[in-house]
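All chains are identified by letter, namely A, B, C and D, in their written order; residue positions are counted from 1 within each chain.
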Amino acid sequence: MGSPRIWRFATVMVGATVGLSACGSSSGGNNTTVPTQTGNITAGVIAPFTGPAAQFGKLLSAPCFAATDLINQAGGILGHQISCSAIDDTGDAADAVPNVTRAIATTTNLDMTVGLESNTAATTVPLVNAAKIPTITTNGLVAFTTNKLPYYWRLTPSDDANGAAFAVWAVQKGFKNVAVVFQNGIGSEGNLPGLQSAMPKLGGTLGLQLTIPADAASYSSEVARVIAAHPDALIWSADPQTTATFMSEYKQLNNGSLPAMVTATDSLTPDFFGALTHVVGVDYVTNNVYLVGSSFSQTTAAFATYKGALSADSKTSAIADVLSAVGPPASAYDGINILALAMVMAKTTIGSYYNQFVTQVVSPKSGAVVVSDYASGLAALKAGKQIQYVGVIGAVVFNKYHNAAGEFAANVFAADGSASRVGTISGSKVLGLL
Amino acid sequence: MAWEYYLVVMLVYLGTDLLAVWGLNLEFGVSGVANLAYIVVVAAGAYTFAICTLGPSSGNGGFQTYIGGFTLPFPLALLAGALAGAVVGTLIGVTGLKRLRQDYQAVAMLVVSLMVATVVSADTGFLNGSAGLALIPNPFADLDPEVARWAYVAVVAFCCLIGFLVLRRFTTGPIGRTLRAMRDDDTAASAAGKNVIGLRLVVQAVGGAFGGLSGALLAGFIGGWSPSAWVYIETLAFLSCVIVGGMGSDRGVSLGTLIIAVLLLQGVQFLPQISSSPGLSEDFGWIILGASTIIFIWFRPQGVLPERRPRYLGKSSSHSPG
Amino acid sequence: MQLIIEAIGFGIATGAVIALGAVGFSVQFGISNILNITYGSLMTLAAYVGLLLINHGVNAWLALVLGAVVVGVVSVVYHRALLAPLVRRGTRAIAMVIVTVSAGIILQYVIVSIAGPESHSYGEQSGSTLHLIGFTLSAGQVAIIVLTASLMLGLHLLLTRTTLGKAMRATSSNRTLARSCGISTDRVSDIAWLISGSLCGAAGVALAITTVSFDFSLGSLFLIPMIAAAVLGGIGQPYGAMLGGLIVGVSSEVAAAVSNPNYKDVVAFMILIIMLLVRPRGLFGAAWSTRRLMEG
Amino acid sequence: MSGDAGTVILDVDRLEKHYGGVHAVDGVSFTVERGSITGLIGPNGAGKSTALAVIGGYVSPTAGRIHFDGADITGYPMHARARVGLVRTFQMARVFGNLTTIENLLVAVPRQRGESAAGILAGKWFWRGEERQLVERARALLDTFGMSTKADDPARTLSGGQKRAVEIMRALMMKPKLLLLDEPMAGLSPSLSRQLEDMLIRLAGDGLSLLLVEHELDTVDRLCGKVVVMAQGRVLSEGRMAELRLSREVQDAYVIG
């Protein structure tokens, strides 16, 4: 449920006016022949900030604030300060197109973007690519597994790999007979194929597979069906409200007991934690809910810097703990650092020039200095050295489709809503199950 | 240039909005059929265009599943979109066959809108469920991107021109008069020998074709289409253009499409973006839209540019209807 | 089979909430001849009023009563200030639907901009499960069924045993005649809007209790099953709406138990559309209502 | 065709209309003769208006047949009846409020070239000639009713009497064979009423048949040849008004009703 179509038109109108004046007054722009620009750099966070998926906007803004804080403390990029700008894709492609084109037209020096979630990536990715803006995305669309767009870079696994990771974790915990309950739309399209492929290979069975509508008034009958299947665990994917309603009814109709739940790290949000603890109690949520997804080590220097920056910024400190365990925001953080270092290497902030340096920032090279944050990377480059950026999500190797992904991990909530990691799953094992 | 692409987006959205508003005006403003399921015909056009231009569903590695996949050329796919709008519009019109109070019919259509959206979202094999369809091919992908953009604008402009000419054939002259008579009092129109049910179905088919074409053009431009793009309240946005602009007046509703935009534009300029809740201005968009609809129904039901009736001069003079 | 029996039990629980809302909707239509689509958003308002009270330490059932009162009063004001004047100006029924849809959207987005788009909850439900004659019901579900039954009984007594109730029924079936019999129809209509608005409010809070977790779209999602129930029972007829609510509730839950749960709302949609096309006066509608539903 | 049907233009045969358990029309039979003015009278709730609604096609009958001009029209929808020449007016005059007075007349003509698929496709040249003729006919009719000055006014701005005149002119534009009038005098001033009476008598003289439901018995007396009296959904009696006035049955029905 985005904005009225006509409203989109209005925002486009405003944008056009502003865009015209901006073009008249500044010599900047992304496509000028002079490979320099004046003024601050803007990092766009393209994500839903309204509508049912609005939580993703919040989750992806935070790493942008953290990364840009650190970059600015290190003196900015080539003398430019950098700031974040929220670009609302509303989760709906028809709304996203004008919003994103408006942002491209009206945002001064929009030199990089992060985000572009699965709902709208198929339509927004081509827009930023056409504008020659290098982009680190966090979507899981299978379609981009063989991406050919030059300005597109992905640091997260595709959705089917996530599904396989669910299966690995469930079987590892001894949940051989699982019931799959996916909310219509979320997960059912993306995660299910990987899950279906992996579960039998691991010796487990998918008992009941149920797709439920979002935000219904009652799920009693659906719950009764799941109870009748006697699952060891639920493989789950649904929004906080749907989850709360379903699990509350489950508990009431199952004499107060609930099976374990394996769900995606997408649900490592205060909303999900709050909604669920509110209705089934904190004990269950902290002991029996596993959140599986792309992950990273929390003992590295890069992580310490990331966590420190999240905690230091008043805009992000409240969710710093939760974010510490979630893959996509960390990918966005790393992505901004990678693009910033590519700008330094290219000696320009213009996308069409610095894009080719992205692989050089992360690729392993003999004699290169391994750096874990922007400041040390900048110092090494100033010293005339080669660098390899190894960030929060670890070493990154882009394949020819500009895709890269690291390991997976399972997390649990702590009583205060923060997350802690309880196990890891190697990326190669997951990919082998697809 | 970025702003130039922006202008292109603006023009394409204006064009597709105009087509949809004209179609709804023919149904509601001229003929009195409050089609609260209008957005469904737009969706029908968009989906049909998508499955006509896309290749078979099996060819993309399970990324999305859908029926059809005909790889038709662009103009044929546009026509198919318009045709789908006409067919779906006629089917929606079936809810009007029973001689019910008009508010009942409106509610029945509202329910149709919700039901179709629920079914399409729930069935992943039909039109890829709530994820919707993406990667709809751009017809001018082979051209230089800047030329391709303006080529699309030209296509939209051409469709609007043809659309307006077709629209005038229905809203002026004896048929326009008959439809307006049906709107003012459909019982009396029946008593005057007008086949009200038949006329309604025709109007729903023609209005549906407008909506279908609008949806097809939009889907072709943005390259994607999903259930979140056609929730039932989108119809209200079009309805608001009709009511504010002037029910039954072709020029009025065209102006209404602009006025709503200008009104909201003023609103957004005075609303600073609050960083803690960036969605607020979007919410205000709906509030302003609803409020302007009610305000016009209360204070100026005839709209900004009311429908004008032709004068039939004396015996020797001819007249100019419209 | 056991699953279907259980589903019937859940359907009765869902149906109880639907009935609560449908009766109020039906009373409003009966007295004013307006299809008030804003009703759904008013239910949402009640749920948020209840949330505010519960967050301030008020007991859930007291919050239900207070939420009902608040929405009852809001409904009277809404009718007096917007709907009645528009009707007096001769606004056509079709435009009235557009007005009530618009007002519903305004209210819904006002709620969003104040309370935010996140989901909310009244809190953990007591976990005891009751098993009766093959049904498995939670304590909350049983409480709502009892609540609905007693409110319906109260309404029945009001309509049949009091002068006010008789005046309401008279106004509902023939306003002009009622006025000529010396009934103050304006006052009766105010009271009817107060009562129906209160039922709307009670239904809103009850829905928030049973749904456990809700957001601003709570009432608008629930509106169609309610209208379906009201139409099924013969719109304008409170008793029909009660039974209609149970039929819609049970058939939706049984559908969810035996088929793809995503289609369960479609059951209510289909019931409504089929009834409108085939038998608009409802299963129990009287002859006069047929004439009322036709144009002219 | 009209020759075969003899002098009877409308034959209503054992018509019934039930609403639930209520028999609003309960086995009504009567005929209307060509070129006559027939009255349908009865107390409140006698079922006259329902009978007229069934004959006009607004309401479908529970049982019984209706023959018009030699054809069985029982299953015809309202607009089809209008097209074969059976035209009705309404108790409360119904005009197309946003159309002008003259448009109200023009729109009534059935099967206009400009309404046809060919007319929409081909455009103005296809229907311009017919339209010009219709405008002339409409102007002539407006002159007859003394409403030429109101031709371009929106019909919603007209007075009640003028609206009724528009309704009758609209009916006449359709060149009807039988006109069903539901209380045509209601709400008219006495002088307007008399004018309308004269007009109706003149129309009947020109060969138009009329069936009218009327409350005012004096009007019925002046206008109608044959009168059908209904009470409680049945035909009580029929004949000339002068005879019926003397009938005990009829008197009782009116007193009780």
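Quick notes on this structure:
Note that contacts are C-beta pairs under 8 Å (C-beta built on N, C-alpha and C of every residue); 3 or more make two chains touch, one makes a residue touch a chain.
Computed from a predicted structure; not experimentally measured.
Nearest to the global CA centroid, when each chain is reduced to the mean of its CA atoms, is chain B. Chain centres were defined as the mean of their Cα atoms; on that basis the chain farthest from chain A turns out to be D. Distance from the chain A centre to the chain D centre is 73 Å, each centre being the mean of its Cα atoms. For the pair chain B and chain D, the distance between C-alpha centroids works out to 41 Å. With each centre defined as the average position of its C-alpha atoms, the distance from chain C to chain D rounds to 44 Å. Touching two or more other chains at once are residues 1, 50-51, 54, 184, 211, 213 of chain A. Across the assembly, chain C contributes 117, 260, 262, 265 as residues in contact with two or more other chains.
Multi-chain contact residues of chain D (touching two or more other chains): none found. Contact residues on chain C toward chain B in their complex (touch as defined above): 34-35, 37, 82, 85-86, 89, 91-99, 101-103, 105-106, 108-110, 112-113, 116-117, 224, 227, 260, 262-263, 265-266, 269-270, 272-273, 276-277, 280, 292-296. The touching residues of chain A, counted against chain C in their complex, run 1, 50-51, 54, 184, 210-213, 215-222, 224-225, 228, 239-245, 248-249, 251-256, 271, 275, 278-281. Across the complex, chain C is touched by residues 32, 34, 36, 94-95, 97-104, 106-108, 110-112, 114-115, 118-119, 121-123, 186-187, 233, 236, 239-240, 243, 277, 279-280, 283-284, 286-287, 289-291, 293-294, 297-298, 301 of chain B. In the complex of the two chains, the chain A residues touching chain B come out as 1-16, 19-20, 22-23, 29-31, 49-51, 54, 57, 86, 88, 90-98, 101-102, 104-106, 118-120, 122-123, 126, 130-131, 141-143, 145, 184-185, 188-190, 193, 211, 213, 315.
By the touch criterion given at the top, residues 2-3, 6-7, 10-11, 13-14, 17, 117-119, 121, 123-125, 127-129, 136, 138-141, 207, 210-215, 217-218, 221-222, 253-254, 256-257, 260-262, 264-265 of chain C touch chain A in their complex.
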